[in-house]
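Structures given as structure tokens follow.
Both of the next two complexes hold subunit A, though its partner changes from subunit B to subunit C.
Let's turn to the complex of A and B:
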């Protein structure tokens, strides 16, 4: 029977993986292992000077749930789950946030740190001149990151402001339709249960395409219906509908039809869900436009500020930080 | 026995670290004012400093520091005339590749971590004439048709944006190094002479320059005042660009250098050291 580093994971007793992963779960221990391994020890390896002892630093990879728990326990931590079809623009949006912080504050929040800078740089690589691509590209998010997080620590500019950890869960485009199809797959999206915000990302280029429009719009609603039904989101969750690729949507040749279709989806979304969640926000963005215009940085900054600033979990201006574990919908409830 | 002071010098390759150390050595031997830090003698072993001294004095570009340089670190003996304090300053000229390796490999040597526990402060070097971030394909550049014929270069962490790499190195120091808090840190913007060229429209004072040109690093330092207490300087340790050195070498090295703090310019390249060592 496989064993897991996470003590509460039921996989060792024949249950399903706490994080819904398969054999590639980094928390799985070899079958012969009886104990949770100690932290990575100092090792002797080639590091320039022969045989010099080296020590591991944090990996820079997306954070596991166990890491996220630590952040949630130390103070104010906002969890945002992003979901949508493959190529809907989720990763472009995350890479755009990283780029915007490299240019200054975002939505009134200053960059105060990140445990996943290498991953952010990797995500953005194919949109840089240095990568040698002719036009920006974006890698697809692998399923293995379905229950992991990119991370920022941010700080508001006023005196006495406390750091806020923002944990961004990028659910792969492959998992999204499967979660609609099968409740069991949906339930494997463990992070959703702690999400303060669920952002459903809809590809504006698909809305502009009549053969894709109706399926993409329906799937956005179906996904929310599914996670409401499973109880993974509820009245504590703030819902966002993000229509991406505004540049394609606004193509003058079909702008009227496309805009009407987008508006219809926004209206349906709001009407269907506003009484079932803490709030519904709709956004139209272009994180990486291809029509010669610049990204909609202002609306993306506003979106980010809404994620960080509006939450049912914390007071808007806390003087004392509530521990995350003292509230409902916590990481500690995962898998139970 | 005089006090010994260890400083950490941080920067990616070619950031101007070695030139600054040579410039400080020259300034200690030729202090610009009576109150400036000055040398009161030479360390027993000056092999590191003397190796490239001729090149530095001759206005030549210094070769990049080897990753595994053997021998003792540069040691400078200084006296602070206003207080009479004397001390020995250790400035290990760590190769920029060592920091890049930390970012890439996500490890550092135990000896590096142990050395951090003894540092009094840090000097962080960035260059005024190199971009802080990789350039994105945006606007019209992103609208060009992609013929798909040029396969992309695979992501190599070493090619990540400079300010991102440096912020992560600072995060390692703040979170894993047992350093005093807040750690005094001077940001030295080298090649500052390039900023002062008439055609250059960048901010002419170091603080605003950092805010505009290295925003992620600037935000990180401002947001982590409990970890780092920072000051920002513009430094020209050579005095000018390679093209200008022929004319500049008419002057002795200590007269070519300049440093800017706020809107004040001087030749007191030891200003950052004085702040780090609490010698006002």
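Let's turn to the complex of A and C:
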């Protein structure tokens, strides 16, 4: 009859192993053994130890809010929200940023790490001919990423520079028009309230197309109106209007008309919103030009440097207080 | 809980959870209960500068963990910096030496062109709001006693004595008489405090006003018209601070200082003046007598003029003091121009801050 180190195990009395094991149970004693050595730690304890030694690996997928907090809590993280219609070029811009960092510094900032590198690699791969597709194409950002972030850590070259975490919130092209029409959907864009920068991306090809121009331009303005109305952006947010596909916009056949339309949108944007937000910047870029000839690296680098280098969320000037309305003594009020 | 706490914590939590915020607020209130002078300086440093000392970060984390076991243990610098500000805000809803020290410390850091990185800029505005409200609360226009009159306060107690005497129980009579006597003492004490406060207010006003009107420097024993404005700037600030009997200082202090400096002999161009000029031109004998009373050991970075004068005295050389000052007072722009009025107001605020810091623990 087998014996067990565990006194309460019924196997010695012809029952089944307490832990449901067979002959390989480490607690089984040889038939001849009389001494009862100390019991081997229970399986549960073993697995506990194993858990302690296990390191969680990063999935490389966009960070959920809970994960992004790690960066926001450790230092001054910059949050940039990118929004625009489907195929407006938001994701191409992100892919281009990744490519530029592979080539060196961008706007004076060197790449110093990323928790979402596999996702950047994926975007980059989809944007290249080598991916096997006939022409570069981008995967549409899924709605599931509306409240998540791509992550970069960058570092300036000067001595003593602290690493800066940049969290990029890529809002899906499907959510964008719905947020304009439904306030409840707009309010679900939680990350927007934390954004230092809101970049509204407008498809330059749509501006060049008379049948799409009005719709795309109106939506860009309406989206900003909506998020101002919900209070998701305010005087602490810097607004960017990014007109993409500059190569299409600059098509010599319609360059004059297209440029005028783009300028009108930029002017409207600046005039309508400059007093309601911390600042308005306008950009024209070609993140993925069709013929590969148009140099856009410089504009993208400038855009990135503006994102990382300026914020009004931490503006240190205290608000100028109005004079007291209470009846203070003249002595206290003198000269104030 | 402060109504803007959700917005403030959005910087670090992205999406703030009200339950977590309540815990953070409670921890901040708890921390404030055992605040010391050293802790106050440390909180100001943490809140204002992003390059934090790891030892300070660890020690503040450990203290917060006692109050909130779920507070993040590592990678928490920005959250800690915000918590430092929140601790300050917990004091700003009522007058206290702690609130005075924090608010004046934050005001000291608004030195022209000084670079700081407050974890939440709105807390600077909260500090200014507190100073504005508290200076008025401490200097009300009314001189009436807000407490009920003596007859009303004592009447009920006296009636109690009469009733117990009529009942004739000796023990109850003794208790009632004791309560009546205590009420009289309390009334005298409160009236005395009220009158002392009123006298203090009036004394401060007349001391300030006679000083401005007299156009005379008691420290240098010279008429201000005979003094160069740069030579007198810091000394005038110290003279004004001596005449400030109530903290926070009056809102009119800057205007009164400007008036006090107005009769002085002007320099050709005040635009070219720098912090170093004010340190160099301040009378050596006055500096030697004044600086030993400045206790700066734990707060030198907040008070550039006070530190500059102390170092100038220590080295017996203002130029040497100017060299070390940017290392002590981070973010200070030594090349930035300062008008005599700005310099005087800054030094005056620094002295008020040092006084508030010295009063910590006396609440």
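For this structure, a couple of remarks:
In this section, the second predicted complex is superposed on the first by the 252 of 336 C-alpha atoms of A that agree within 3 Å, B and C clash if a C-alpha of one lies under 4 Å from a C-alpha of the other, contacts with A are read in each partner's own complex, and residues count from 1 in each chain.
Assume contacts are C-beta pairs under 8 Å (C-beta built on N, C-alpha and C of every residue); 3 or more make two chains touch, one makes a residue touch a chain.
Just so it is clear, the structure is predicted and the values come from calculations on it, not from any experiment.
Touched residues of subunit A, counted separately for subunit B and subunit C, are more numerous for B. In the superposed pair of complexes, A:313 makes contact with subunit C only, with no contact to subunit B.
In the superposed model, A:214 makes contact with neither subunit B nor subunit C.
Once chain A of one complex is fitted onto chain A of the other, the partner contacts of A:274 are absent, as it touches neither subunit B nor subunit C. Of the two partner chains placed by superposition, only subunit C is touched by A:65; subunit B is not. By the document's definition of touching, neither partner reaches A:235: not subunit B, not subunit C. Shared-chain residue A:264: touches no atom of subunit B or subunit C. In the superposition on chain A, contact of A:73 is made with subunit C only, not with subunit B.
Considering their complex, residues 10-15, 50-51, 72, 75-79, 110, 116-118, 121-122, 124-125, 127-129, 132, 135-136, 139-141, 201, 205, 208-209, 250-252, 254-256, 258-259 of subunit C touch subunit A.
Contact residues of subunit A toward subunit B in the complex are 42, 47-49, 52-60, 99, 101-105, 110-115, 117-118, 120-122, 124-137, 153-155, 163, 288-295. On subunit A, the positions that touch subunit C within their shared complex are 65, 68-70, 72-77, 79, 160, 162, 190-191, 193-194, 313-319, 321, 324, 326-329, 331-336. The residues of subunit B lying in touch with subunit A in their complex are 67-68, 98, 101-103, 105-111, 113, 132-153, 155, 157, 159-161, 163-164, 167-168, 171-172, 175-176, 215-216, 219-220, 222-224.
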